[in-house]
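If you scroll down you'll find the structure; I have some questions about it.
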């Protein structure tokens, strides 16, 4: 290793680092007159599908706002990728807080990323609205005495206890089931939903035959489903997202399980039918607010979304409409308060917004008070989720 | 078999009925051997006679099926190899096994390992004990490199040394463990006559340093020239032992090597 | 119930075995863990999907469609694997032992992201090449997909076994796997044999991709990672480099996972822990896998 | 002052001084990113003992980073003071490592890799499933680092703490490398049987290197947990172990500056790409480029970016 070419190599490294700094400088300096909406989502990796969906919805909301000329400045979306890894989420949070042009953050996706990132946004005084993290700690941590910074964390999606409770209530009284089996995907979201369902269902007097976890990325659940079938449940509750929900439904039907599946809003996406096919027919899904397709004000959201993103793989994902709603609420507050972060946070606290999810207002912690839950029933024919009483 | 060469104080090494069976194969079957301090003994025999197996059992590579090995009166059979080495037996290998990506000097310094004590603390805190021991290790290693005539190649990587030098480096590393008995496994293999002569002369100098030498050797010229005694193994059994001249005339040895005349 | 679990275990096992063969073949010759193999499997399933989307006529439902799909995806995945070896691994053949491993990790990231960026970011439903009819054998609900999956996997394994044991090229591959340099000295063009091994390994991966899509109904850009890790575990369990070992390891791992998830309450939470614990236990008893031959160290 | 050491000193100065300047301005994220890369450097230095020096292929190293992080979280929950938490957590990680180490002394090469991978996955799954202790997937809050009354918070503080640990790691590695134990390790890597027959107690030395690397990982895990103040099993996936192995192999096995360079590049490239591509549609290509960089660098320098050079002793002809 002649030391000469190592020196050349070292020079190359320091050059690269210097150019990185220069690049960073240029990236931040331009566009002083635009106001940026940061989107912190998993854009690559295992959760890339869901993250890209929310990003599309946010970009649509901002594009519509720009066309409406309601703002004296142009609005810009700045999307960053946290790859659903808490370490990258913290890097993303620090990157956003050091960009003075960012007014509000729409993100993060999974609770494991939202909780640490929220601390960083709060310290910098940037409001953060999460469209998908349901772990109570995301907003609950603000009550902790050691919390530094303002209460700047908001959430448009209800915490999992709300949905779990409603589903238990519905299954026990409306469907009249007394014996249920529960499965979850061992994530903060899925396990949270399943635990709430089990707690409330047992409180009502129902019996939970089995409570099992599966791993995300696993595809073969036949062994588990065979055991569940032998316990003879009247229904199966699944806490988790559409990929695993669809597989459970499909393999359940293949094993001759006829009882219906019940799940949460993580499974509500047309892609569920790609995964489960006809097996998804008749499954009950709780969703927040009124199903988007059946809300007068939301009619155009679906149409615009389909028109704008017609390419392959761009179907509506479970949390897209939450992303859209969060952005519209942020823009609404921005109209009133202007890009100053402190004023924006106060404006957000007074939010009263009628939109896709009905009227959204925030409590002291920043959680949505919109606790309307609707039970829907999946229909395979027209790939939709009509509400059911 | 009473040993012919005894008489110089208690025997350094006593091997009694040593056997090593691999399933049905009796690689070594009831071998006896005595060595006294300062002797040079050669072990000869056709390929597959069990010579290397014999050395492997003595140095803890194989546990041995039965029999005893007493070194300085202490039983060593079955001990882990590094314990056997610490007690004063060192060896080289039939096919050279050096630390190829370390320098020649470092190879020999590694040999000093079992004779030195520094753990983690001394080097981490750079205590005086560390510097002092490193200096001693390096000095001893340089001395041994000089002894085998490789001092000027000290900084070369072991793998870059020519074949003959690698052989001698391996011997230097073995000597670094301050052995009382050094086992050389075919040291002259693949050497031309001039290198052989230099190696024989080196073995004598090793013996003069007070180290008993036990070697496997095929070149009869080397065996005759250097050995105080010769032991002959065939199919894992000791078939002869004695002065080099006696052994070469022993009919069983001739038969083992050259086969019987068909009468 | 036991019969039902056995069927589940055999299906899962057959897929693991088929993927494990891809790892073992490459490892046998280059002593290299090919991390990109799991992505070649994913690409194989997308090749079949692409053919179905663009030329559905070629893939009528039924055995003919399945065989054509298998052949096309095996060819596609095989060629991809050869290209990967040619540009990402061959230059590193004489580098340090772990260099090709890092290159295969890089290739695996590139392939997964390439499909994510340019093919589809979401789960795509896999065409039903075989009508998914359910019928029961002795009370166990068995779907035609499972049977087809097992049959094709076992068929491919037997085909591979015949190819390796009874053809001239197979003999050359075994020679290279035993000692690459000496095989070269015997007049075997080792680079060609290595390329061929990657072709066969990739083809098996492609076939496993199709069977995977068929059996589970949907495919995604990241479907390869977890089964890849499990299949490599199976290959090592059976004795890495040993073809029969890979098949044995695959079935053992598949059945063990199914039994753990099927019979132990909350077992499915712990099935991977149980699978890996058994792996560690077996390797402690037999440090070179169940069928792996113990290479005695020549001193 | 050869050009190489000049570059080293310049680099050192940059690492220490620049962050203080950036402290609060628009570039605060560089300090935070630097800290994260520093954590990777500690892990790389730690794994260098197992893989670089002794040559044991370890694919489950992240489990001990997780042990450190969850050790800090659990101690935080019972508000155990730092002076007890540090030895307790390091001891826990070392015992965990010994449990693994003793059982795999007989395994070689890729069998060892698969067993360590299995051990890594078992650790992550146990953490994810033991809700009663680790709160499972919902993760645990962790208090910031406190020593008596003084609390460390803010990226700058943690940055300098990590920089100090990296410096200690480098000095420790350098000093052990040039010692009797260091040479024994390398001898074991080169030829285990020859090492045994040169009087080295191979098993003991393997376990020694093994536990030292666990110590590094535990310290890195503790700092990470206290800094982020939240810890979930998602951070300790198998992919992280592969990343650290890649840093070692890419940087140069057994070479201290090599593994640091490997950590800098593989830890830094995703951050630099995030900065450059943020806001543009190219952000989705971030990990595609990362994969390409990985392949290109290993093809460009298969022996590692900064391979280890053996120490050159001065050999003057003294009286033989």
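As written, the chains take the letters A, B, C and D, and residue 1 is the first residue of each chain.
Rule of thumb we're sticking to: contacts are C-beta pairs under 8 Å (C-beta built on N, C-alpha and C of every residue); 3 or more make two chains touch, one makes a residue touch a chain.
The structure displayed is predicted, hence computed values, not measured ones.
Visitor: Mind listing the chains that sit against chain C and also against chain D?
Guide: Expected: A, B.
Visitor: By C-alpha centroids, what is the most central chain here?
Guide: D
Visitor: With respect to inter-chain C-beta contacts, which pair, B-D or B-C, contains the greater number?
Guide: B-D is joined by more C-beta pairs in contact.
Visitor: Using Cα averages as centroids, what's the distance between chain A and chain B in whole Å?
Guide: 72
Visitor: Centre to centre, by mean C-alpha position, how many angstrom separate chain B and chain D?
Guide: The mean C-alpha positions of chain B and chain D differ by 42 Å.
Visitor: Can you work out the whole-Å distance between the CA centroids of chain B and chain C?
Guide: From the centre of chain B to the centre of chain C is 49 Å.
Visitor: Using mean CA coordinates as chain centres, what's the gap between chain A and chain D in Å?
Guide: Distance between chain centres: 33 Å.
Visitor: Touching at least two other chains at once: which residues of chain C meet that condition?
Guide: In chain C, residues 113, 116, 269, 272, 299 touch at least two other chains, as defined above.
Visitor: Quick check on chain A: which residues sit in contact with 2+ other chains?
Guide: Expected reply: 44-45, 48, 52, 186, 213.
Visitor: Out of chain B, which residues touch more than one other chain, so two or more?
Guide: 61, 93
Visitor: Spell out all pairs of chains that touch, sorted by label.
Guide: The list of touching pairs comes to A-C, A-D, B-C, B-D, C-D.
Visitor: In their complex, what parts of chain A are in touch with chain D?
Guide: 1, 3, 6-7, 9-11, 13-14, 20-21, 23-24, 27-28, 36, 43-45, 48, 52, 76-81, 83-88, 90-92, 94-95, 97-100, 110-112, 115-116, 119, 135, 137, 141, 144, 146, 148, 186-188, 191-192, 213
Visitor: Chain B touches which residues of chain D in the complex?
Guide: Residues 172, 175-176, 178-184, 186-187, 190-191, 193-202, 208, 310-313, 315, 317-318, 320.
Visitor: With touch defined as at the start, can you tell me which chain C residues reach chain A in the complex?
Guide: 1, 4-5, 8-9, 11-12, 113, 116, 119-125, 132, 134, 141, 143, 145, 212, 216-218, 220-223, 225-227, 257-263, 265-269, 271-272
Visitor: Spell out the residues on chain C that touch chain B in their complex, using ranges where they run on.
Guide: Against chain B, chain C makes touches at 298-299.
Visitor: Would you pull the chain A residues touching chain C in the complex into a rising list?
Guide: 44-46, 48-49, 52, 186, 210-215, 217-224, 226-227, 230, 242-243, 246-247, 250, 254-256, 271, 273-277, 312-315, 317
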